[in-house]
Amino acid sequence: MDFSYSKKTKALQRKLTVFMEEHVYPNERIYKEQLDQQESRWTNVPSIIEELKQEAKENGLWNLFLPDSTYGAGLTNLEYAPLCEIMGRSMIGSEVFNCNAPDTGNMELLERYGSEKQKKQWLEPLLAGEIRSCFSMTEPDVASSDATNIDVSITRDGNEYVINGRKWWSSGAGDPRCKLAIVMGKNDPDAPKHQQQSMILVPLDTPGVKVERMLPVFGYDHAPHGHAEITYDNVRVPAENMIWGEGKGFAIAQGRLGPGRIHHCMRTIGAAERALEALCKRVQSRTAFGKNLADQGVIREWIADSRMEIEQARLLTLKTAYMMDTVGNKEAKSEISMIKVIAPNMALKVIDRTIQAFGGAGVSDDFILAEQWANIRTLRIADGPDEVHRRQVAKLELRND
Amino acid sequence: MDFSYSKKTKALQRKLTVFMEEHVYPNERIYKEQLDQQESRWTNVPSIIEELKQEAKENGLWNLFLPDSTYGAGLTNLEYAPLCEIMGRSMIGSEVFNCNAPDTGNMELLERYGSEKQKKQWLEPLLAGEIRSCFSMTEPDVASSDATNIDVSITRDGNEYVINGRKWWSSGAGDPRCKLAIVMGKNDPDAPKHQQQSMILVPLDTPGVKVERMLPVFGYDHAPHGHAEITYDNVRVPAENMIWGEGKGFAIAQGRLGPGRIHHCMRTIGAAERALEALCKRVQSRTAFGKNLADQGVIREWIADSRMEIEQARLLTLKTAYMMDTVGNKEAKSEISMIKVIAPNMALKVIDRTIQAFGGAGVSDDFILAEQWANIRTLRIADGPDEVHRRQVAKLELRND
Amino acid sequence: MDFSYSKKTKALQRKLTVFMEEHVYPNERIYKEQLDQQESRWTNVPSIIEELKQEAKENGLWNLFLPDSTYGAGLTNLEYAPLCEIMGRSMIGSEVFNCNAPDTGNMELLERYGSEKQKKQWLEPLLAGEIRSCFSMTEPDVASSDATNIDVSITRDGNEYVINGRKWWSSGAGDPRCKLAIVMGKNDPDAPKHQQQSMILVPLDTPGVKVERMLPVFGYDHAPHGHAEITYDNVRVPAENMIWGEGKGFAIAQGRLGPGRIHHCMRTIGAAERALEALCKRVQSRTAFGKNLADQGVIREWIADSRMEIEQARLLTLKTAYMMDTVGNKEAKSEISMIKVIAPNMALKVIDRTIQAFGGAGVSDDFILAEQWANIRTLRIADGPDEVHRRQVAKLELRND
Amino acid sequence: MDFSYSKKTKALQRKLTVFMEEHVYPNERIYKEQLDQQESRWTNVPSIIEELKQEAKENGLWNLFLPDSTYGAGLTNLEYAPLCEIMGRSMIGSEVFNCNAPDTGNMELLERYGSEKQKKQWLEPLLAGEIRSCFSMTEPDVASSDATNIDVSITRDGNEYVINGRKWWSSGAGDPRCKLAIVMGKNDPDAPKHQQQSMILVPLDTPGVKVERMLPVFGYDHAPHGHAEITYDNVRVPAENMIWGEGKGFAIAQGRLGPGRIHHCMRTIGAAERALEALCKRVQSRTAFGKNLADQGVIREWIADSRMEIEQARLLTLKTAYMMDTVGNKEAKSEISMIKVIAPNMALKVIDRTIQAFGGAGVSDDFILAEQWANIRTLRIADGPDEVHRRQVAKLELRND
């Protein structure tokens, strides 16, 4: 269990930190301004993003997320963890390095389970950062935390599959560059429970695909990325768009969610670190009742608790990454579930304390705090709610016994 | 310590509940739609509001907040509590009955400390619901939780006062009907610490008053109400606009904040009750892993804990109201501070559990949950952050000892 | 919902407070010393107890717990609440006034469900404080939180009942004055689930009754009271010892537990108040790192939170008492369950903070803190564990919906 | 940061686990019985202990705690951590392997700071397990969490030092084999604040040393080990008994507390693991309301949360050990403080949940739970209370900023 950062990782850490300080943080405000200055916040991706992507690519800070393969940067999960953490400090951090969800998960899925043709058509432009994708799994009408509830139908009809139904929280579908939805649906209701589902590639411009609306998150629209509600009305795609094979949906979902989940945790730790830094700065720069905030009441408890919670969450995330690298995602199932619960809950606490210390400024958009909070709050629900992951951890624990 | 609801209260409770069900809840969505259909969300107050206000006025459900006086409905704090709670169940509930913050606090302030002329000019149209007002106290550059930090200057110049400085979180200033700011500022830096501050009436159309921008709250703009950052640049108002007298700012602030704070708590309890109802309904209507959510894991603990927390918070709020009515706001100081901490924290927990049970729907705007959460989160900061109120409670407790 | 204390209550409060200060607190240490000076801690009840009982009886502070009846002091639950709270401040407080568990519950049971003969034989000497009793319900081999699991057999045999099985946590059975066990057992395994159980009076000197051992509580033996494990080996008692009738065990248990539970809560609130007083005194009298403890870190948060938690728990206890008095124990079922969870958990938090502020002194027996903590910790288990009460609250809440 | 267990560690882990299962767990009850069968619980150490020590020594499981040195087993902190954890599973585990507090800390102190003569006289018999020692630092009359408050006087008088004052919580002084107290006291009140203190060796049989009484912990006497209150009345020891030199007390205390603290954490993690195992077993073997406890309500949340908390605490403990080994105790200051807070608080939560699931059995002595809980509760106070450690973490964090 060696968590030491490799030479390669350390070099990338340094490079990434410098890049963030020089290029990302100073442009966070500009990104927002460009977004607001458009006719609509959904019209375009702010141009600063493409500029920064170019810059990042030239610096070799590109596609770091994809584990060792012909396509990726050749980093293990453990090597990627501290890098992903740094990216997660900024709301625009991940995309600049082509490491943003849900594209990372989708790319990993295509790399693992896609046919050569599918890779050629979709994986390569995704890796190049030319197009974006969404993952269309959650449904409004059922408790999607139990994936066997998924109800959109995928029916074979000659050389095509026909897709019908309604999805929501298809994140990223608002992006004008988003060309692809990976849709999970039921293609055989009579198969064994975990073999009823398939995943299929649906180009977003296929007739019958309709983005109904964008769902806000605590008031944030997350434009231009967005969280879409999409109806699929007799959407026809060629049979070759099926991924891996009929009935493989559940297996793919499990495979996709492992890395996707840990990436979220890593980013979340970065967000918490940035909040703690902000907290320490703020309380040393403000005075009330004749004393520095840092010298009052409960403030130092907040700082100490935040540091303790971050340290612990990071170590367990590293251990999980290490296990995914060495014994595989399946053996790391309990650990993945654990950090999926721990990291977001930890970050919400840390950020909430910082918000409280910032007062009114904390809930506004003058700082990144409220936005990070709202974003991370969704992670207690997305990719399996806390309750399902706790269930999983307990189940494995009881089995050990 | 008799918390029984009076006959009058019970009759009003029934009437109000019916009114909410018939007129308010069904129009929550329409309110939002009208807001979105305007050229800008800040152009007008949705017309449904004025229609509902008319309806409420005709039903005698108007200005219920103002304690016994020539102006008000003659209800004590204890009588008003359960009514305010009902209003707080909806984001548009309070305004319909002319019981919304910060106008209620401002009206109470004018009724108590205003001159006859001030009452004539400002209190009467406020009570009639014709104009709106804002309260301009918090400043961006200092820890305003310590009101002695307030730094905007109010300087006498002949028959006028000149106001200079910057405020923010002047809530309600976005409303096109908002005509008045009650501004707190320093008029004598050399006076004893708690006599340096004054409050003064500033018509919003006075030259030099500039609404710089509207502050969002967790992504919500709270249009058309809004939270304004306002600069006062050599703003001149007649000397008679001073409230009560120079140096009375701190005393007025204390007087204003008592009722204002308890109103927030009452509304917050209503919001929590509505969330708990929603939670109970949701978990009985959704199924995962072959069982009703209501029969799984931790759900019933959430329900039980929510009920326990609401019950306790309500009782302490009623006790506080009772004390304000019988021994006065000053004697109820510790209780006011206690509920100011307890009620919002309680409601945040209850609503957060409900959000979690709702999954993606919970963080979106399909339900009122995320919006209520964000709104109530600000109450842990507004009118004194939790930490200042805990300080106060501890101070009084140590003194008892 | 009038929680005002009646004139009678206020007079008793004053009298009781004076009595505690003059007679009880100063003798707490003497009680312990007398206990330790005996040959064994189980030999006798320290003589100070009988002296104080005499004194209390002469002062009319006797049997205050028993609601209006020919036997009792004629106080309602609401009237008794603040008195019971005062008694709960001391570990020996309740017994001095003949208001200690489990005798109070047993006396109430006999008063309600006992025959005239049973009252004559057992209730009268209990009310006189001449004998003590235990309640023999919990069993070591089953989850007794579900009372239908109770497995001791009570079998009719001619004019007698024969009792067989093993009980534990029969509290009070160690007391040399303890003469009576009220035993719950199954007398008809074929009856409907809630009519299989009966309660029967078993004189402790009946052949076949064997006190096997005394169970410690976190290291405390609670001598001479004690928590006994008792075996009943073919124990024969006259048929007339059956209480109310065969199959009534469950109904009696429900009736007994209502008042018993709320008394525990009241005492617990008193214990918390005493701990908070001790906390306030301690932190003002000790210095570390150059400052009074009261002026450091998190201490004031502890004080404020403790005050808030106590206030809320007391109000809900009073409301519950009020409901028991006005609409009956059955209608107050949810409230009884709520305070049964809230009060002990609250007190454990308050006392734990005080222990922490006292340092090593806090966990020792130089103060009452550790002993109170251990005692109250058992209340999260006794008379239904927290989990069963939360279940109950949730069930009633879901039904409302 | 390589936390992998070395080959040596893994072999010792296996050996130790087998030893615990074969020799320690089965003798826990015998230990208690032997203790109770004596004339007094303080008379002798139960003979089973010396038998097990002999057995352990023969198996090479002896003095594993002492880092690489001529005296110790040559294990690093990281190597010792998983072994210490295993020992901590039993209340008698550590002593069997001569790895029990406070002797380990005292031996480490003597090894580091003792003169050759001091080592010869005291370290060697301690390492042989022939004698025991106590650490006499805490005082009843001052807040000893601030070590500069320590007030016992050590005065040079010719070739001797004279010690006067009162100590308590001198743990281990009850043991009939205890021959030595390491006493911390003030020898120069005029020196700079952190150079006023010295540590000195005091044979327990020196005239003037009086063990006044044994302090209980939540009702446990912890016999025969015990926590002593000791008065030092003109106690004279040779000048050569001074450790390291006058004024070095504070420096030694800091050096001693690092390893001592982490050992406590390791043991605590073992105690939590054992409790979690017990929890899992219990809830699968008991039924209530027609279902296995493991399938009810909040139980699985308890299991999952416990697993998550243990994993995180262990990883941070390992990281701390690793840092102590690689960069030294001083650089690991923040980490030591963090685990000192985290591990006991974590274990208290885990054990409390298990107690709750065990019901009455949990608070009794039929299981190790209540005893472990009480023991670990003292660790939130001993060797610096939580509050002082949080202070430390925050201070270092603010400095980083």
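By letter and in written order, the chains are A, B, C and D; residue numbering begins at 1 in each of them.
Simple rule for what comes next: a residue touches a chain if its C-beta (ideal position, glycine included) is under 8 Å from a C-beta of that chain, and two chains touch if they have at least 3 such contacts.
From a predicted model like this one, the values you see are computed outputs, not experimental measurements.
Engineer: Of the other chains, whose C-alpha centre is the longest way from the centre of subunit B?
Structural biologist: Between subunit B and every other chain, the largest centroid distance is to D.
Engineer: Select, from A-B and A-C, the pair of chains that is joined by more C-beta pairs in contact.
Structural biologist: A-B
Engineer: In whole angstrom, what separates the CA-based centres of subunit A and subunit B?
Structural biologist: 36
Engineer: Can you give the whole-Å distance between the Cα centres of subunit B and subunit C?
Structural biologist: 44
Engineer: Subunit A to subunit C: how many Å between their CA centres?
Structural biologist: Comparing mean C-alpha positions, subunit C is 53 Å from subunit A.
Engineer: Which residue numbers or ranges of subunit B touch two or more of the other chains?
Structural biologist: 297-298, 300-301, 390-391
Engineer: Quick one: do these chains touch in a line, a ring, a star, all-to-all (complete), or other?
Structural biologist: Contact pattern: complete, every chain touching every other.
Engineer: Give every residue of subunit C touching subunit D within the complex, in rising order.
Structural biologist: Listed in rising order, the residues of subunit C that touch subunit D are 138, 140, 142-146, 149, 168-169, 215-221, 227, 286-289, 293, 296-298, 355-356, 359-366, 370-371, 373-374, 377-378, 380-382, 385-387, 390-391.
Engineer: Inside the complex, what are the residues of subunit B that reach subunit C?
Structural biologist: 1-5, 276-277, 280-281, 284, 294, 299-301, 303-305, 307-308, 311-313, 315-316, 319, 334-335, 338, 341-342, 389-391, 393-395, 397-398, 400-401
Engineer: Quick one: which bits of subunit A touch subunit C in the complex? Just the residue numbers, please.
Structural biologist: 297-298, 300-301
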